[in-house]
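Report on the structure given below.
Order as written gives the chain letters A, B, C and D; numbering starts at 1 within each chain.
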Amino acid sequence: MPLTTADIQQWIQQSALVLHENSSYLTQLDSDIGDADHGINMDRGFQAVKMKLTNMEPADIGALLKLVGTTLVSTVGGASGPLYGTAFLRAGINTTGKQTLEAEDVVAMLDAAIEGVKARGKAQQGEKTMLDALLPAVDAARQAQSAQVTLEQVLQQTAAAAENGMKATIPMQATKGRASYLGERSIGHQDPGATSSWLLLKALADVSSRK
Amino acid sequence: MPLTTADIQQWIQQSALVLHENSSYLTQLDSDIGDADHGINMDRGFQAVKMKLTNMEPADIGALLKLVGTTLVSTVGGASGPLYGTAFLRAGINTTGKQTLEAEDVVAMLDAAIEGVKARGKAQQGEKTMLDALLPAVDAARQAQSAQVTLEQVLQQTAAAAENGMKATIPMQATKGRASYLGERSIGHQDPGATSSWLLLKALADVSSRK
Amino acid sequence: MKKLINQPENVVKEAMAGMAAAHADLLRVDLEQQIIVRKDAPFQGKVGVISGGGSGHEPMHGGFVGYGMLDAACPGAVFTSPVPDQMLAATQAVNGGAGVLHIVKNYTGDVMNFEMAAELAAAEGIDVQSVVTNDDVAVQDSLYTAGRRGVGVTVLLEKIVGGIAETGAPLDQVAAMARHVNEQGRSMGMALTSCTVPAAGKPTFDLGDDEMEIGIGIHGEPGRRRMKLTTATEITDLLTQPIIEDLGLQAGQQVLAFVNGMGGTPLMELYVVYDALQRILKGKHITIARSLVGNYITSLEMAGCSITLLRLDDELLRYWDAPVHTPALRWGR
Amino acid sequence: MKKLINQPENVVKEAMAGMAAAHADLLRVDLEQQIIVRKDAPFQGKVGVISGGGSGHEPMHGGFVGYGMLDAACPGAVFTSPVPDQMLAATQAVNGGAGVLHIVKNYTGDVMNFEMAAELAAAEGIDVQSVVTNDDVAVQDSLYTAGRRGVGVTVLLEKIVGGIAETGAPLDQVAAMARHVNEQGRSMGMALTSCTVPAAGKPTFDLGDDEMEIGIGIHGEPGRRRMKLTTATEITDLLTQPIIEDLGLQAGQQVLAFVNGMGGTPLMELYVVYDALQRILKGKHITIARSLVGNYITSLEMAGCSITLLRLDDELLRYWDAPVHTPALRWGR
């Protein structure tokens, strides 16, 4: 079963919930190698998104995701604001006018989102950023989709790959973002942005499973 | 045996030693009801006195005590500087030209010193200040002297009365000096200035005993 | 104890040396006599204005030496009144024949040391008058205390009195203005944390994680009472109401509102307190004609703040607005 | 957490409201758009100069808005870059037709948000140039980092660039001056204690009683290395040598020496550090032509300091000395 606009709405609501619940955890991760605000930033952004969504009912998935993107840009700040903001904006542009997403649409959407993150942040895989969760995730999505499994399974494998990617940031030395200032002292800590990326993709898989 | 100029020199040196050793203790007492500097102040003053005395040999007891007084005024600051400074100055004036002190001279000297403290600080007995050690001490000295005991015994009873007076400051509510700002919260703490007064009089008794 | 110092016993001297180097255009610092003097003092025919007190309250007083404020300051050891020798040297250094005003904060030690200095200066034929500030409403002004402490008003008074002295007003008038400012102002302070006297090496008092001290002075003395920590708005109210009452401030009157940091509290929080204060005053129809927000009379690294209100009249306003050029306060030139 | 605040989520707004009330003569504070604008902006024909960054660094940047310095500031959440909407609103508010300079500290978030704002402003036909400050020698400027952080030089740059903008210089020249200042300055900082982000509620890092962090930024990030606490003189040396080397400072050159407090360190200690600094420079025959000592770019209540040296030429000196009138820096008027 493809994802509908309502499912994507669900995803965003679920993301807001999960980020709210994990706000202290993300901030704690950011204390270790950053400035102790990542959870606060993400929570502020997604609470603003929730507020926005009580007042309007976007017509399609593209409109919805664009709204999420512009709201995040306008409320998150820091590094994660422009990055996640651009990701959702690009995802929205990629899905303009769509009411449903099949597995291949999801792959295309993730691709577009991640291209946005790369363009904005100029980071590559292995620099200990959210891309280390996102890039393996979209690779896994692509593989699963070409293996013709169900959409639910695609999304579960995507989330699993994000989780592995997130964990793989622990031994990395950061060379982008605030953690890079620490040099070798950044090694041994999990990247907060990679963690929030996993939480977002996990929320999408969970929504799809619950259908 | 009367106290000689050398004995008074001894007393001042012994006082410098005792105040140095008790500097943290006095400062701790002053932390509780003041501003955590009484030990530091007294130590600074008596170290300056010691320095002065390495360079000059006052001709008589009066000259010696005046030198102590002016040095304390110039180096201690705070409340205790003018008070102890005036006390030693008045003691010095009272003993001008003297090479020895009999018991009655000691009583007269203490009287003069304490009059100086009262004139400068305008406090009375029971206000939780150094006077609560000094006034009972001079009373005890006067009584002992009229009882015709030895000078050593006079000084021991003087010091004992100072110690009792010092302890008696614990239940008092301060109405003079910095501790008075605390109102009832000053109750239950021993006054730092009364403590340093006892240490000074104890040092005098010890010097006399050691003769 | 974590401080940017070398030996505790040298901190005052080294800080003075730093001031001397940083403000050579404004100040003459005499490390021997331990006084900070306006570079171009004394001025013939101008009343010299000096102040002094224990160190650890920076920028007060050394940071207030300069055009339109103090002619000299005498820093004592940390939290310890300076000694008469310093005050006498400062008095001599700024005496331009029109006499010298001693601005003294009401603490037993400060009062007694300045008294001795005034006696010595008088013996030299220098005309000295002393004004004692005692604006802290946290202390009852009764027989049972050493009287109210001099706190925040001292800063405002030094500025205003320095302003009138700059006009060439005679000593009587300068001293009268000082007494007038002191009468028109009241303060109260609170602490979130203690402070550590360098030579003592540990905090003067201990405060629980959820506690604050209300009615503290500026020497790390404990306050009148300990309370559970509450919001900035409630704290501001706790400090402001006694001031308003004691000053008898009425609707329609105008004040200078001064939110002072104790040294360890960030400016952001002081502005939060100022916001609460201005709402309280607005509610009572008291006009804030001038304001001052920042660390001006501190207590080493203590976290906390004090609030001072000074009732303004045209004259106070004029001398507050008059040009001033010191390391810590500067405007109009 | 012990702070003078109400709810952590309101602290930035309430501090802005406090600033609005305290500095109504200088500032227009828009709590809706979350920008602080010079009261009389925009000025026809004058380049608008704006800056912005996370809150918690007060007085930077809001305290630097006024004559001769910034035309507007955009405060973000604590330690979080503001969002493009704020920057765009500030850009619009100060655009007097001669274009707008964005002063951006080099942090990934700040750079990206300002980039987006500049794109939006360009789309509206506003001429925008951006200058990124990156003066922190604690960070290696290499492929392996996000580049050096913008720290103390930002304060000096905002003053000097504000000075030249006030003369009516065109955008190209104002931007070139900004790049020049950035090239001539370097900084390094250290912390004795951590700080606590209000919304996080506990210290960002833990530091032993005898430890310090060397090479910290201004966001409570841990530094490059942890060391045993040592004397002010040695700490000053640790911070100053890399700056001198990196700037290639030579005997006979003149500098502006800036000792900055991180928020929780008393002024007395900053002067002790300044004294150590001036002795080091004197030993190398480098002349301190101007100085600045105080809390100007802070990290909440963190105890510690940073040192900035800016090599001066006649032009920099002229614009540094030019009149300025902001809440936090004022001279010449």
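The criterion applied here is as follows: a contact is a pair of C-beta atoms (placed from the backbone, for glycine too) under 8 Å apart; a residue touches a chain by one contact, two chains touch by 3 or more.
Because the structure is predicted, anything quoted here is derived from the model rather than measured.
Annotation: 75 Å between the Cα-based centres of chain A and chain B.
In this assembly, the C-alpha centroid of chain C lies 29 Å from the C-alpha centroid of chain D.
With centres set at the average Cα position, the gap from chain B to chain C is 32 Å. Chain B and chain D have centres, each the mean of its CA atoms, that are 54 Å apart.
Multi-chain contact residues of chain D (touching two or more other chains) are absent.
Across the assembly, chain B contributes no residue in contact with two or more other chains.
Taken chain by chain, the contacts run in an open path, each chain touching the next and the two ends left apart.
All chain pairs that count as touching, in label order, are A-D, B-C, C-D. In the complex of the two chains, the chain D residues touching chain C come out as 2-6, 11-12, 14-19, 21-23, 55-56, 58-59, 63, 192-193, 209, 212, 229, 231-233, 235, 263-276, 278, 288, 291, 293, 295, 298, 300-301, 303-305, 330-333. Across the interface of their complex, chain B is touched by residues 54, 76-85, 107-109, 112-113, 115-116, 138-140, 143-146, 149, 197, 199-200, 204-205, 217, 219-222, 224-225 of chain C. Residues 24, 27, 31, 33-37, 40-41, 44, 73-83, 120-121, 173, 175-178, 180-183, 185 of chain B are the ones that touch chain C when the two sit in their complex.
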